[in-house]
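In this document, chain identifiers A, B and C correspond to the written order of the chains, with residue numbering beginning at 1 in each.
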Amino acid sequence: METSEATKAPTYDYEPVAEARGVAVHYGGIKAVDGVSLGLRPGNISGILGPNGSGKTTLLGALTRMVELTRGSVWCQGQDYSDVKSDRVITLGISRTFQTVRLLPERTVWDNIILSTDVVFKREGDKVEGLVKEAIARTGLEGLEKARPDELSYGMQRRVEIARAIAVQPRLLFLDEPTAGMSRKERTDISALMRNLRSEGLTQLIVEHDVGMMVETCDYLYAMNFGSLIAEGTPQDVVRNAAVQEAYLGKHGRHDA
Amino acid sequence: MYRSKKHRLGVAAVGLSAVLTLAACSSGDSEDTAATAEATEEVVVEESAAEEDTTQEEAEAAEETCVLPPGDIKVVSIDSMTGPAAFAGILTEEGADLALKEINASGLLGDGVTMSIELLDDGTSGDEAAAQFSKAAKDPDVPVIMGPILSSAAVVTSPIAEKEQVPVIYTQAGSPGVVIGDYTFRYTPSMDTYWGSVGSYIEEKGIKTMSVLYANDNATLINTAENAVPALAADLGFEILSSTGLPSSTQDFKAPISKILKEDPDAVAIMMVGAQNATVISQMRESGWESPKELLGFAGIENNLADIGEAAKGLTWASIFHVDSPSESTQKFVAAVKAEYGVDAANYHAERYDATYLVANSILAACSTDRQAIRDAMADLTNGSISGALGDVSFENQDARVSGFVVQWDGEKMVVLK
Amino acid sequence: MVQDLLNATTLASIYILFALGMSLVWGTIGILNFAHGSIFMFSAFVAYLVVQQIPLGMPAVVAIAMVSGALIAVAMQYLVFQPIMKKAKNPHAGELQLVIGGIGLSAIPISFAQRSTLSNPFGFSGGSFETQVYTIGGVIITNVMIIILIAGLGLGVGTALWIRNSKKGLALRALGVDPEVSAMMGIDRPKLALATMLYSGALAGLAGALLTYYFNSITSESGDTLLLKAFAVIILGGVGSIFGVILGSFILAFAEFGVLLYTDGSWVTAVSFGLLFLILIIRPQGILGKKEVRRT
């Protein structure tokens, strides 16, 4: 990994929960992410908007150490965690969901949620069950503890993923297309859930290409295309940005999936 | 059994005085000596003048004295020094080394003429052996090749030998399709030709029914089980109740044993590979297979019995080599192996020891390192009977034949029954 | 008939003992360990070398083999598999390199034992253990069979229940299904991998010692034969399923036993591998296996 001038600490008028400094992820000749810097506002729901292939999910991978950085660094609470292995990221208070449902199919909802909680709180074993119950309550999954994921609707499966991610009491939650493939009702419910979590003080970063949902849910928006940030600001500002409109309407059309 | 022509080979023992006194032309063996004296193409290796009748031989030999140009005659040996067949390959090459040492020490090939072996390890791979053989056969400087011991390799290398017209002498390589023409020779009698020597034991025990268990992916064992056993059955009038071929990867034999127990034969003939033999026999015993029920084996099975010892007691088979063989030439060889390696001689030692002498004597008889001349001399020498480490060996179409003798496992080792 | 069922069940228990560790490693930390057979063989070989010097009884021989197996497996994981995983660009490239690494590794102990034994069979005849034969109602059973049945069925069911019901078992299962997500859950893969390899190696050692007692002698290549059978067992039952190992072992053992009992034996390989192909065609995930979880 090279360091570059972009790695120099930028200044924010707030203390970011997590930061990307000049992050680049290249696969051979493909520049999936190419020099992105951002600092997440505490207590906010931030969103990254961008068409498919714009590099949003890869950036999330970089921030959760699932993909190798080609350049740049990632920071959390003033600490450079670029060399931290992905299985230690959760101990930094960073938790995430995935673009597709990735649950243990043959295990119960309870088992799926307790998995990470048990690992993170193994020294305080008596807390674990309480945390799982709490996460189940916050995501409205009561009564489904013994169900297996394939017995649940898609929307419910996504809730299990969110429950699994928040049961470990993270400081920061990454959500990768949390409402993709959902019905309108399910989207509204998930959006409400995220705002509830914000009111409880949880910082969140959502990656999406559904503009409407993002405008409705997020406090702050970034827009990406071709691996770079093309705009950032309030949702209204970003949506009106010419470059963003070009990226969405000019080339790909709206809501491409 | 003896042919009119009798070649005395493999008796050079200069430098091994203990062996010398056992030399096959000692006065006690008058029949042998007479036959030797009559032979016209006599090849005499004996350098000792200690005994009076050797002078006559020396005189005859002198008439045919051949002078080879001084130097080293290098023959190629392809053998399995590593891999699963290494247990045989290593002993085989020890036999060759012992013979070479004697040949060179005795000056058998003449003043300043030595013989050496370029050893190529095929790693118990038929493909590797075939590739090495092909290369050696195409090298005109290689006068003769000692072939691979693997049957699977030999059936491939023999056609190459015939095509390239290079004489090859095999030991082991006991399957059909190995001795196929003018250039291929084999010094190990194939098992199917002597397995039936156990017949005297079968008759003595009054065995009327037999079941056979054999490895169905081992050419030698297949040939013995499918040809030699039925031939003996027809000859002696016993019935084969079943003949079960199993892959040599089989590890548990409870199922075939269960089947055989239901057939209730008088004897079971076992012809499996390596550790399988120990497993079959111990599982037979655990299933209650005891005397007067009989177990028959095959030559070489003694190498697999160490771990079951007592359980294999009474296992009987026909062998072609035993350290207690009454043959004088065998006893001389056994003593030489003991002196050189400190171990009891094995059949692998004996076969290659004799084969190495055959190569040296063929070169001497041909008085040339020309492939064709060596082949002709070898064909001529194997036209009769040769006495050596294996005792008296005759040849049928360049393929060795011996009459086996009955041996039995006594719980610790194999002993000669007759 | 009872005798045949008992013998076939013993064979199934042997397959369970051998395949259990291999399946666990494959289904959880994603290493298809082609060196499992040589760990099995070499553990028995180490015990054989010791027994040649000191006439030990079965418990000591089994303990030596298990410790040897565990040590070899951990060494392999530490020195070879872990570095391969670390360097692999992506999980799929890593899998292939692990297989090749395992094949290469397996040659080392095999060559060593071949050279040392001159490829002759070896066993524990130098030890003090004696096989006892009991006849109960006309059915013959040996003390070795009893131990194999208890160890095979006990460890098989025990391990399956442990994976199903314990937190560590849950973590291992998660690793097997989705290593990326497991990492995000904070599961320490290298540590679990080492522990799994240790357990798998000890199981291989146990299998090596017990099978050598059962068959009376084995050869340097015996592990390779069992490796193929274990492969069939795991595919039959389903990769990642420990109950699948038990089921697969019973199917293979009873199929082989039946074929040997009612035919002349030449069909045994064809039938067992025919079963394997049949499963691969009609139910590629194995009888108890789960469909491949979609990964992005």
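Throughout what follows, contacts are C-beta pairs under 8 Å (C-beta built on N, C-alpha and C of every residue); 3 or more make two chains touch, one makes a residue touch a chain.
Just so it is clear, the structure is predicted and the values come from calculations on it, not from any experiment.
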| item | value |
| --- | --- |
| Topology of the chain contact graph, where touching chains are joined (line, ring, star, complete, other) | line |
| Chain pair showing more contacts of the two, A-C and B-C | B-C |
| Most centrally placed chain, judged by C-alpha centres | C |
| Interchain centroid distance [CA atoms averaged], subunit A/subunit B, Å | 77 |
| Subunit B and subunit C, separation of their C-alpha mean positions in angstrom | 40 |
| Two or more partner chains touched - positions in subunit C | none |
| In the complex with subunit A, residue positions of subunit C that touch it | 167, 170-171, 173-174, 177-178, 180-189, 290-291, 293-296 |
| For the subunit A and subunit C complex, residues of the former touching the latter | 64, 66, 85-91, 95-96, 98-100, 102, 104-107, 111, 114-116, 118-120, 164, 168 |
| Of subunit C, residues touching subunit B in the complex | 3-4, 7-8, 10-11, 14, 111, 114-115, 117-125, 131, 133, 140, 142, 211, 214-222, 225-226, 228, 256-261, 264-266, 268-269 |
| Residues of subunit B defined as touching subunit C within the complex | 82-87, 90, 216, 242-247, 249-252, 254-256, 258-259, 274-275, 278-279, 282, 286-288, 303-304, 306-309, 311 |
